[in-house]
Structures are given as C-alpha cells and as structure tokens.
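Two complexes are shown next, each including subunit A; its partner changes from subunit B in the first to subunit C in the second.
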Partner chain A sequence: MASVAHTEGAGAAPAPAPHRRARVTGTRRRWAVVFLLPALVLLGALVVYPIGYSLWRSLYDADGSGFVGLGNYADVFSDRATLTAVRNTAIWVAVAPALVTALGLVFAVLTERVRWGTAFKLVVFMPMAISMLAAGIIFRLVYEQDPAQGVANAVARSVHDTFVSSSVYPNARPNAAVSDLRASGGGSFTTKGTVRAGTPALLPLVGIAPGRLPGAPEEARAASGPGVTGTVWLDFVPGGGGTKGRIDPGERALKGVTVEAVRDGRAVASARTAADGTFTLPASADGARLRLPGADFAAPYGGIDWLGPALVTPAIIGSYVWMWAGFAMVLIAAGLAGVDRNLLEAARVDGANEWQVFRRVTVPLLAPVLTVVLVTLMINVMKVFDLVYIIAPQPSQDDANVLALQLFLSSFGGGGNYGVGSAIGVVLLVLVAPVMYVNIRRLRRERRP
Partner chain B sequence: MRSTGSRNRTHRAVATTAVLLAGAVVLTACGGGNDGNSGDRGGSSAPSGGGVRLPDLKGQTLEVAAVWTGPEQENFTKVLDAFTERTGAKVDFVPTGNNTSTFLGTRIEGGKPPDVAFLPQVGVLHQFAQKGWLKPLGAAARAQSEKNFAKGWQELGAWKGTRYGIYAKAANKSLIWYNTKAFEAAGISGTPATWKDFLSTAQTLSDSGSPAVSVGGADGWTLTDWFENVYLSQAGPEKYDRLAAHEIKWTDPSVTDALTTLAQLWGKDDLLAGGRKGALNTEFPKSVTQVFSGGAPAAMVYEGDFVTANINADTKAELGTDAKVFPFPAVGAKAPVVSGGDVAVALKGGQGAQALLTFLASADAARIWAAQGGFISPNKALDPAAYKDDVTRTIAKALVSAGDGFRFDMSDQAPAAFGGTQGIGEWKDLQDFLRDPGDVAGTQKKLEADAAKAYGSG
Partner chain C sequence: MTALDSTVRAPRSLASRVAGRAAGGALRVFLVLIALFWLVPTFGLLVSSLRDPADIAASGWWKVFTAPGQLTVRSYQSLLEKDAITHALLNTVWITVPATLLVVLFGAMAGYAFAWMDFRGRDGWFLLVVALLVVPVQVALIPLSDLFGKIGIFGDVIGVVLFHVGFGLPFAIFLLRNFFAEIPRELLEAARLDGAGEARLFLTVVLPLGAPALASLGIFQFLWVWNDMLVALVFSDSGSQPLTVALQQQVRQFGSNIEVLAPGAFLSMVVPLVVFFAFQRQFVSGVMAGAVK
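Up next is the complex of A and B:
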C-alpha cells in the first residue's frame, strides 16, 4: 500500500531504488520498464493524452478547424455566464469544504461520547451511499416551492404560521374600476374620498371565487341608518351579470373584515363587518377615510424561494453538506481513534475544561487529518457538477452556474463549442493544480522517515 | 535462486501485460462500430397493405431518436409498430432529452448515429446539413414528400437546395386553451379576438376568483412562443422574417413594442396563476394540468395543439366540452399563425432509414398518428376525418389551409445556442423578463448580445 501511494505521489518518475540496483545487475532497468508499462500506458491514455489534447483543442475554434490562439480564454473571461460560474465556484470552494469539515469534526467528537455513537455515525454516513444524481433529485423535491410538496417550505410555512396568523380572505382586492379603494401600502386599501354620516359607504371586493368563501356566507345587504355605515361584500355574481359596484341579489357578504376610519394617517375608529357585510362606525368617523387593513387579505405565505436566483447556490451547498458530512466525520473519527488519550487526560488533570481540551489539544492533534479532509473536499468541490445541474431549475441555472457546469454547457449544451469548453477545462485544471501540489508535498513529507 | 525468482516474476508480468492488452482490445472493440445491422440485406420491394410501397427489411434494426416522452412517445410508437408490421424491421425509439442537438451531435461524433432522427428546430437542420451529417432524401421519400406536402413545408426541410427532411409532425402554436367552467363561472360567453379583449377577459376571470392565465415559465420555450405570437401579429410577417434571420437587431423598436405588450400581462401578478414567481416555477405539463384539473383551476393556458396530448393523458377534462380552444388574439391587424414542427431526417445511409422516411411522409403513417390525438400533420393527403376529435380537426384544417401564410417558430429557426437550449439565450432572457417585466430595455440588450454571439458562431 505504502509503495503504491509513493509511486503515485512521485508521479511518473520511477522509484529510485531500482535504479541503484540496476547498476548491479544490468538487466534490472529493463524489467522495471516492463513492470511499469501497463500503468504508464493507462495513465498516458487516460490522463496525459486527454490533458494534452484539451490544451491543444482550447486553442482552436468551435469546429476545431481554425486556430484562434488564446481567443477562447479571452471569451471565457469576458462571458457573463462564465464569470458567474467563476464567482460561484469560488464561493463553493470557500464555504463548502470548511462547513463539511467543521460539521464532520463536531459529529466525530460528539459521537465518541454517546452510547449509540456507531448507529449515529451510520445514519450520518448513509447519504454517501446515494449517488449525486439521486441526491440532486431528492433535494430538488425538498426545495420545491409548493409547501404541500417541498419539505423545506413546509417547515418554513409552519414556523411562519405559528407567529403570523393567516388572513380570512387571501388575495381579495377592490374592484379598481368601480370603487375608490386604492392600495395604500402594506397590502391595505384606503378610499380616496371620505365617508359621510347617513350615506352608506360601498366597499366592493373581488378576486375570490364565490364558491370558496369560508363558512356559509349570507347575501350582502345595503347598510342604512343615520350613522357612519357601509357594506363590504364580494362584488361578483356566480355566472356573471349584475352591475359592478352595486349590491346585486346573489352577491355574498364578507363577514369579519376590519374597517378603520382614518384621519391624517391615524386610525380614529374601527369596526368589524357583520354577517351581512354591514358595519357601523361611531359618529367620530364622520368625514374620515375608510381603510381595509392588509392583514385580512394577505396571500397565504408561500414559503422561501429556495431555488430563486438569490438562494440557489446556498441551497445546493446545503445539499452537498448533507451528502459529505458523513465522509468527513468517518475520516476524522478514524484520526481521533489514533489520538493518545493520555494527552487529553493530562490536560484535564491540569484543569482544562472540555472546550479548552477540544480547542487546544484535540484539534491540533487532528490537524493532519483535518487538512487531508479539507484538501480532498476542495478538489471535490471544484468539479461539482451533478448537484447543480439537477437541483437548479432552468430559470436560475445561470445564477447557480459553476465552472464544471459551464464547461458542460458550452461544450455540449447547445453551443457545441468544444474550444471554449476545453479552455474552461484547462482553467479548472490550473485552479486544481495548486491544491494538488500542496497535497503531494504533504504526502511526501509524511512518508519521510 | 535469484534467477528463478526473477523469471517467475517475469512470467507473471508478461501474463499481466497480456491480460491488460487483451482487455484494452476488447474495450476498443466495444467502443467502435458495433452496428449489428451492417450490410444491407437489399430485399426488394414487397408491398404489403395498401398505400405506400415499402421494401422488405426483415432482420434489420433501426434506431429513431426524437424528443418525445410519455404520451407523445407512446403515440409515435404506434406508428413505428405499423412500420415494423409492413417491413419486418425492428425499430427502437431513443428519447433525446431536451438538448436534441447535443444528444445527436455526441452520437454522431462518436460514430453511432441513430438511423433517423426528429429535429425539433429548423436551425438544427441547417447546422447538421452544413456539417454534412444528414443524408439527402431518396427518390421514394422525395416523391411522397412532393405529393403530400405544401411547398412551404418542403422548403423548410431543405438546405441550399437539397431536400433532407420530412415535416411529419407539425404544430399550430397560436392557440389559447381555456377551461369552459371557469369562463361560465365568470359569465364570459364569447372568446376574445383582440389583445385588449384578451386582457379584459383575463381581468374578469381574475375578479371572479380563478387565476386567469397559466404560464409555463420554467420551460423557456413556452415564453419564446408567447413572444413570437405577439411579435408576428404586431410587427407583421416581414419584420418577423428579418428578426428571425437576425437582419434587424433585438434592440429594434418593434421588439420594444412586443415586450411592452407582453408586460401588460406578465407584469400583473393578479392575472398569472401563482403570480410571476409561480409561473417561473411551472413547467409546461403543469401549466396545462393546473388549468384542467385540481380544486382551484386556472382559466386559460397558451400553447400549441400538442396541449391536447397533455389534456387527454393527465387530466379528466373532455376536449370540446370541458376544454376548448380559441386562436391567439390579434395584437396588431391580423391574428398570428405561428407553427412549429419536427422534421425527420436520415443520419445514416442505407435502405432502412429511407424506407422509414418514405413511410413517415405517407398519408398512411399520418393516419395512424392522427388517430392517437395530440398530433397534427401538414400532410395534404391526410383525410381530416382521421383526427381523433373536432378540436384537433379544426386546428389541423386551419394550419393546412393557411397555406404559405404561416410563419415558422422563430426560436426554432435560430441557432440552438440562442433559441433552443435551456438555461441560455432567448429562453433564459425571456425568463428573466418574466421575473422582471419592467426591464424592457435591459431584456432587449441581453437578447441582442446573446443573438449576436449565437448567430456569429453558428
């Protein structure tokens, strides 16, 4: 195992040991070549050749016939979509590995101390057994907008509804053509004119199907009497007909709507409509404007727009964390098993509290493992493709774009421009290279006796 | 001792190399052409059944690729079954997914193209013909095509004078489908003929409590179709052709007008089912089902004749009673007739592919297909009685009688990178416009930038 890793780490250069022996026997070098040949052929055909070809291809145009020099690279760094992809990949690399490692560390340290630690580990690790594609589909459903389907929004809605009660007549609105009620901010509607005692106000609303009013609504009735009165009703006869803005037979009353009398922007009186839609305000409301507060008409809470342009990348990173936290946890737990307990005990004896033990002893001892996990995840995150491709819906795919997806889209997604695709591939390689270099150097240092 | 040890190792190494090489050879063999049906069997024509004469292709296997899935695929499979019955050739259907040109491009470059493919966009036909990937129509297929199709349709299947394709399936994309119950509940008796009436109808429907218009904004292509109808009617066919060829820019004032007109509908959350946000989260199939099923259905949905397939398969609504249709309202002087279609082309030589094209161009195939519903043929020879229902019959008649007055879907004429790929180009720009209908100028700028790029490279 160690020698294999060594060969990989050292790249194409063969191990030095056979060289020294070769001088002794003479035929050794030939055999070394024969032994290495299969690996070299496979590496050459599957790794070196494709890299070289991509480099070469990235200098040619879409057809592969015209040489364009570095034109494709200029395209890559001037294209709106690719720049978004670069920005998002940077966000991914900065956030996802750190988050996953931190969560994995927490899980690993905590599971050591609970009785059902192994069972817990098993559950956390389970998402790793799911393919990226399946996980993508799962999270596409989790983030579904409709709270009846998406669990994320179902939670968001139940939390929201715990604190804000839902309205009685969602989406109802004044019939703008025949009423002087106008939207006045915050979902409220206010009349332009003022109400007079003895002249009942008519406040017609529309936008709800008569069949879907809550309860068994009565027919609306015109208010009468000398006071400040009026009617709030649904100005729509099933099947059409009737005169808009007038209380026609068959039109339903809206019960329980709050009506406020407003003077100089301040509510001076308020009343609720009765079962027949009428309301009566005190005489002090004479000459005030009438306002219907928005709380009665607010649309039902639609949940959070998880996959909209603003939240789509964090949402997908969330699904990635769900998948990979188990991976980090298992590696870190393995590292933790190798930590000398005496050191922890010594720290405790010296009077360190648990947080200090964790912060000053456990984490430094785990540093090599944490680095491995972080670097592995960084490389992994740079090539993330499937999750983004599947979870991001068409309208916000652009906003969720990452380099690997942009590579796919420009090569195979309609444009068919393999030149630009190869250029993005090369850029991706250049970005991964430093991380790989760090990884290889660290591996070598570790092998040194 | 030492030498034997080394010899042993040598043997093992040689064996390993041999195994690896053998493996590599096997892999190459698998990767290369594994056609199965190479070598034309060349059975001469053996007419079976009436109508078009087809060769005997017993033992051959053909592959047909098209974008259809679900009910549309099932309907087409019936046509393929009839072909198998007549010729003895086995036909496999391969769905291409939404990116047809990508799917086919990779298959062709990989050396394994399907025999026949349906291209959903004229732009793709041109692109493929230019690359030399298409095989011209054979004599028999040409004869059927000339006999059965109007000149306009024949020319749409050609590139630089050579005939490549058969428009076996067409679409009338200037239709608005409505839920008759919602119209009744709102007391609307007539259907709107102008854009102004259409908007006031929508307002009345919304007042009555049903969401007025269902828009499938999660699929970009439905939005391009909306735009094309408005543009064709408002700016006229000449401008339409010039914009389709990118001879006028997308920053043209006529585009401003069309987008502003669209914003009169798209800008009003009250008129759209679920508001703009809901529309952007609605795929095309859902945009249909939410009009014709469920507890609180929307009233109208715009799209082509293929909506019937979704109504029949996914809802309980009865075409002609629960679900009816009216032509897209006239925005300018005349109501638009935008059409689309899937063109069948041969990607491989050989008798099988040509025989299938011949069959698809015949009235026989069209008759079987029409009987399934959700299908309209520009085939003149097809007896309208073959259609499943009156609604489809009316739509088909309108399309055939439009003669050369129709205009082909603009986004389908554009290079795929502009008018035919999800997430980029016109699809994406109009989705952004639906999200923010106030930004007409910004949308035009983005459209022009994307168009310039796509037309320039393609």
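Up next is the complex of A and C:
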C-alpha cells in the first residue's frame, strides 16, 4: 500500500492546520476522483450549471424564443410590481437583520444574569426548528383581523377599550313610530320633546335580537321618583305581543347606556342606565332634551388592520424577528462567553455603570460576532419567501411582495415568464456576491498565513 | 461552540449587589414577559388545533382558559383520515430521508478528499465549493425546471431530492472538510500502516471519528429539507407533494379551515420539535454553522 513519505515525530506533530497541504497519505489520484466525483458532478449539474443557465436565460424573452438583451433587467427595475418587490426587499434588509441582532444582543446579555437563562434561550430559540410555513400559519392566526380570533387585535382592542369606552349596543336604534328620539348626527339620537322632573322618560330601542344581549339582562322597569328619570329598554317581547312604546312584561332592560341631558346643543348632565334600564339625572336636567350619544351605538373597535396594505410588511417582519431572534441570541451568547470578564469588572471598578459597561466594553468586544450575525441575516433576508407567501393575504400580496416571491410569481405562480424570473434570480445572486467574495478571501488568508 | 447553556455569572461587589437586587426583580419580570410573548403565538395555534371548528368560530382560543372542556383531538382524527394529508406526510419522509443520507454520504466523501487526499487543483476546487455556500436556491428554480422537464423527473420525488442534495452539498463539504482536517494525522497513518485502503480508512476511521460533525450536519440537513416549502412547491406535483405544500394550498381559505391548518401545522412541527429537544446541542451547532445557507 502507499508508503508514508515523511513522519514528523509522532505526538509532536501539531493538529493538521487547514492551511497546510496535508500530504500524509500519498493517495492515488484514482481514489480522489472516486471520492470527489459524486459531489462535484451533482454540484456542477444542480448549482453551477443553473447559475450559467440563468445568466443566459435572463437575456431572452418570456418563452425563450427571442433575444431581448438586458430588457428583462430593465423590466425588473421599471415594472410596478417588481419595483414594489425591490423596495420591500430593501426595507427587509435594512430593518430585519438590525432588529433581530439588537434583540439577540439584549437577550444574550440579560439571560446571563438569571439562573434560568438556559430555559429562556430554549423558548426563544425554539421557532428556529419549525418551518416557515408553520410560522406563517401561526402568525396568520395571531394577526387575524377579528379581535375575537386574532390575539394581536384582542390585545389591541382591550388596550383601546381601556381608553375609549366601548359601545354596548351597536346596531340598536329607536323605533321612530312610537318614540320621539330622532337621529341627531354622529350616530346619536335626541328627543324632540323635553324631560320633566317626576315624569319618567321612555326611551324604547329596537334592532337587537333579545338573545344577543350581553350578559343576563334584567326585565325592564318603569322609573319612579321625583327626579329626572326614565328607562331605556328593548321594546320587543319575545314571542310577540305587548304594546310598542310601553314597558311590557318580559321586555329586557338595556343597562350601561349613556343618557345625556342637552340644553342648547350642549350636554349639561349625563347618567348611565342601571341593570333594570332606569337612569336618574340631576335636577339641573329638568326641562332639557335627552340624547343617547353615538358612542352608545358605534360599531365595536375592529382592531388594527395588520395584514392590510400599510402594515403587512412590518407585520411579516415581526414574525421573522420572532423566528430568528433566538439564532442571534445563541450566537451572541457564545461570543459573550468568550469575553474576558476582567475587562468588564475593570470598567465597573473604574465607576462605569451597567449601561456604560454594555455600551463601551461589551458591544465593542462583541463587534466581530455581531458582524457575522448581521451579515448572515442579511443574506437570509434577501431570500425570504415562505413567510411572505403564507402570511400576506391575497389582497395584500402585491404590497408585501419581495424579490424572491416575485421570482416565483412571475415564473411559476401563473406568470410563466422565465425571462424576468431568471433576471430576478441573477439580481439575487449579485446581491449575495459580496459575501461570496468575502468568504473566499477569508479562506485564502487562512490558508496562506 | 458553546450551546444554550453558556451562563457565566460575573462576580459582583457587595455595593453593587444591594442595588442589583432591586434591578434583578425587574429584569426577571421582563424576561418572563418576553418568554411568554415568544410562547403565545405557538400556544395559540396548539390550542386552536385542539378545539372544534364551531368553538373556533365562536370565540378566540384563549376561551379555553375558562372552558377547558372544549379541548378535543377530533381535528387531528379527521386530519389523519384524509388520504391527501397522510400521503403528503409520507412524501415528506420519502424526500427528507434520502436527501439527508445522500448529502451526508457524498459530503463526507468529498470532505475527506479535500482534507486528506492529494490531487492537483485541490485548493481551487475547494474555493469553488466555498463560493457556492451562499448561492440562493431561487437561482436554480427555473434552470432545473427546464432540466428536470427534459429528463422527465419534473414533478417526481427524485427531482425534489436531487435539488436538496445539490444545495445541501456545499455546506456539507465545507463543514466536514474542516472537521476531518482536525483528525490527528497519526491515527490515519497508523491505520494505513495496518494495511487499510482508502475505502476502509474512510469507513472505519474517518466516519466514526467524524460522528459528531456528521450528526450536526445530518440534523441540520434533515430539518432543512423537512421544513422546505419553496423547492417542493416548484418541483413536486399533486402525487409527490410533501406536507408543507399540501398545507400551503389550504392557506388561501384561511379562517374557514383552521381545523385543518392548525393540526396540520402541528403535525409538520412534531418531528422538528422532537429533534430540537432531543438533540439540542447538535441542533444548535448545526444551525449556527449552517445559517449561511
């Protein structure tokens, strides 16, 4: 068998550094061919050949019959749909990697200070394991428009309702035939006549099915007493019967309705109806008109239109951050573990506070790791496809478009234009070319010390 | 590289410890909130997959906190009764297993050649492999559609597998060559002196010693292919499509078919999550080394 050409003293030899030609074995070339052939043939046919083919194909028209020169590239940068894709890809590259890296840095630094840091990392890193499709479905549900379905809008609504009182009875309206409540602008209703102390006002409403009233509504009761009082109720007896405009047995009270006393167009007092539908206004309301403000009937807060044209890209970037923050965190934490603690401690001894230590010592020491993370994410973000394809609903797809998606749409998703598709592919390749170059240069430097 | 458990506690002076106690409480609350924030989206889908369609339509998934009786596995049962879904799940396996094994095998062979064999142009070839590390898969969609169409494997599982092998190889070769290069020279020489040929050397010395790197690579490649949607979307047809593509076709009617999408997504997530929790260390190092893809 092959003889050992030179032994360099067993045990003394350093681990074969990658930069040295490791010429131990004196192998026959035949074996090198056998070992390399499958990989090189596959790489040639499945990666190298497609690059060349794309370059060539991008110079021909949709079906490949006519030579168009750089026409497809001109299309990429002039067509409205592709321009949106170019713009959105630029937004992605500018925003997502920086956001993910910043979050990863914060998490990595903070988890060092709690004992259950590993559990925290596990939770944040978990999304890396699942497919973009699954993440897409997860976030379609999060961003669902209906606040009763999507958790994002459920939170948005509860925040909204904390600051703006929500309407209790959307769709309710007075029965114009029997009540003197008339529409008075802004969704509100005002009585034509005025209210007198000691004569309870009757404010019948219709338009809601009794079964849809929230909670367990009480039966409506006529108000009594000497003050300015009245009743707001649902003027409808289930099963029929009763007299319109009168409080009949079985008719339900509407509680929580705001009733305002209005004089010369200004509200002078207001009250809310109790569980039995009655309300009591102060004596100063005597002789005023009663108004049910629009807020009583406004449609409920519909939540934020996350996946509408304006917010769809930020929303999808949000889901990307959710997926990749763990990646940045783990890489940065590994870098942080290699940082010399004495440097941090020295800065603390010199009187630096934690923020200054972080800003002036930790971050500069981590700069190489941060750069690697940032660049890796940038390459990754240029190719983002699944998340956009899954999360953006059909009507917002054009607004959320990115280059990788546009390539798919123009070539396979009904477009059938291989010319423009190839041109977009080449553009993507050009975008990652600098990283390719840096990788090669770094390797060469390592090999020739 | 250190994995998830790289917790290093800095020594603190007595003075800073007092002030730190108060800040520590706020920090803990903050981190717990973040962790919840990270869990809620997945948890929401999980709960949704365990509710009846009628319940889903009537209220949000958080309703189960007050009505835990709603939880049921009926959606999973009816999902697994759908032939299209079970067939797609099988396709996922048929695509993922060969695509992983072939990449590990061919990557190991080439990695060994680049690390320990002597042949002309070795450095040049390896630089080419490194250059191919970051080529976006999108570049190859159109050319390989044409190519696979011509040789008649478009729409076939073989085409999808080949595509994944091609784009898995650069990273595989890069990772394994670097790992194999660290194998002590004496071990290889000793085996050679014992009369081992190249094939036996590779099988009995290099592969066992390279097991950790092979495992990291295998896990990374497995998850990469298992989770892929784009490649399969282009290269598979209705008979060969994996689970991701089958589910993707349902997304268009999102809202009316959560009872399919939610358990379907979880079905596709089960294997990656099991791999994640079982092989945390290899998974993390694989993802960290391979994220350049």
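Following the convention adopted for this analysis, the second predicted complex is superposed on the first by the 266 of 449 C-alpha atoms of A that agree within 3 Å, B and C clash if a C-alpha of one lies under 4 Å from a C-alpha of the other, contacts with A are read in each partner's own complex, and residues count from 1 in each chain.
Operating definition for what follows: a residue touches a chain if its C-beta (ideal position, glycine included) is under 8 Å from a C-beta of that chain, and two chains touch if they have at least 3 such contacts.
Keep in mind that this is a model prediction, so the values were computed, not measured.
After overlaying the two complexes on the shared chain, residue contacts for A:S188 are found with neither subunit B nor subunit C.
Of the two partner chains, subunit B and subunit C are each touched by A:Q394. With both complexes superposed, C is the one of subunit B and subunit C in contact with more subunit A residues. Contacts of A:P210 after superposition: subunit B is touched, whereas subunit C is not reached.
Residue contacts after overlaying the shared chain place A:R341 against subunit C, while subunit B stays out of touching range.
Of the two partner chains placed by the overlay, subunit B and subunit C both lie in contact with A:P38. In the superposition on chain A, A:T101 makes contact with neither subunit B nor subunit C.
Of the two partner chains placed by the overlay, subunit B and subunit C both lie in contact with A:F412. Of the two partner chains, neither subunit B nor subunit C is touched by A:N88. Within subunit A, the residues touching subunit B in one complex and subunit C in the other are 31, 34-35, 38, 42, 393-394, 412.
Here subunit C touches subunit A in the complex through residues 1-11, 13, 16, 24, 27-28, 30-31, 34-35, 38-42, 44-45, 48, 56, 59-62, 106-107, 109-110, 112-119, 122-123, 125-147, 162-163, 165-167, 169-170, 173, 177-178, 181-186, 188-189, 192-193, 195-198, 202, 223, 226-230, 233-234, 244, 247-248, 251-252, 254-255, 258, 261-262, 264-266, 268-269, 272-273, 275-276, 280, 283-284, 287-288, 291-292, going by the rule given at the top. Across the interface of their complex, subunit C is touched by residues 1-2, 4, 7, 10-11, 13, 15-18, 21-27, 29, 31-36, 38-40, 42-43, 45-51, 53-54, 57, 107, 110-115, 117-134, 136-142, 144, 147-151, 154, 322, 327, 330-331, 333-334, 336-337, 341, 344-345, 348, 376, 379-380, 382-383, 385-386, 389-390, 393-394, 404, 407-408, 411-412, 418, 421-422, 424-426, 428-429, 432, 435-436, 439-440, 443-444, 447 of subunit A. Those residues of subunit A that touch subunit B in the shared complex are 31, 34-35, 37-38, 41-42, 62, 81, 145, 173, 175, 206-212, 236-241, 302, 305, 307-309, 393-395, 397-398, 409, 412-417. Across the complex, subunit B meets subunit A through its residues 6, 9-10, 13-14, 16-17, 20, 99, 101-102, 105-106, 184-188, 204, 206-210, 217-220, 270, 277-278, 280-281, 296, 416-417, 420-425, 427-428, 431-432, 434-435, 454, 457.
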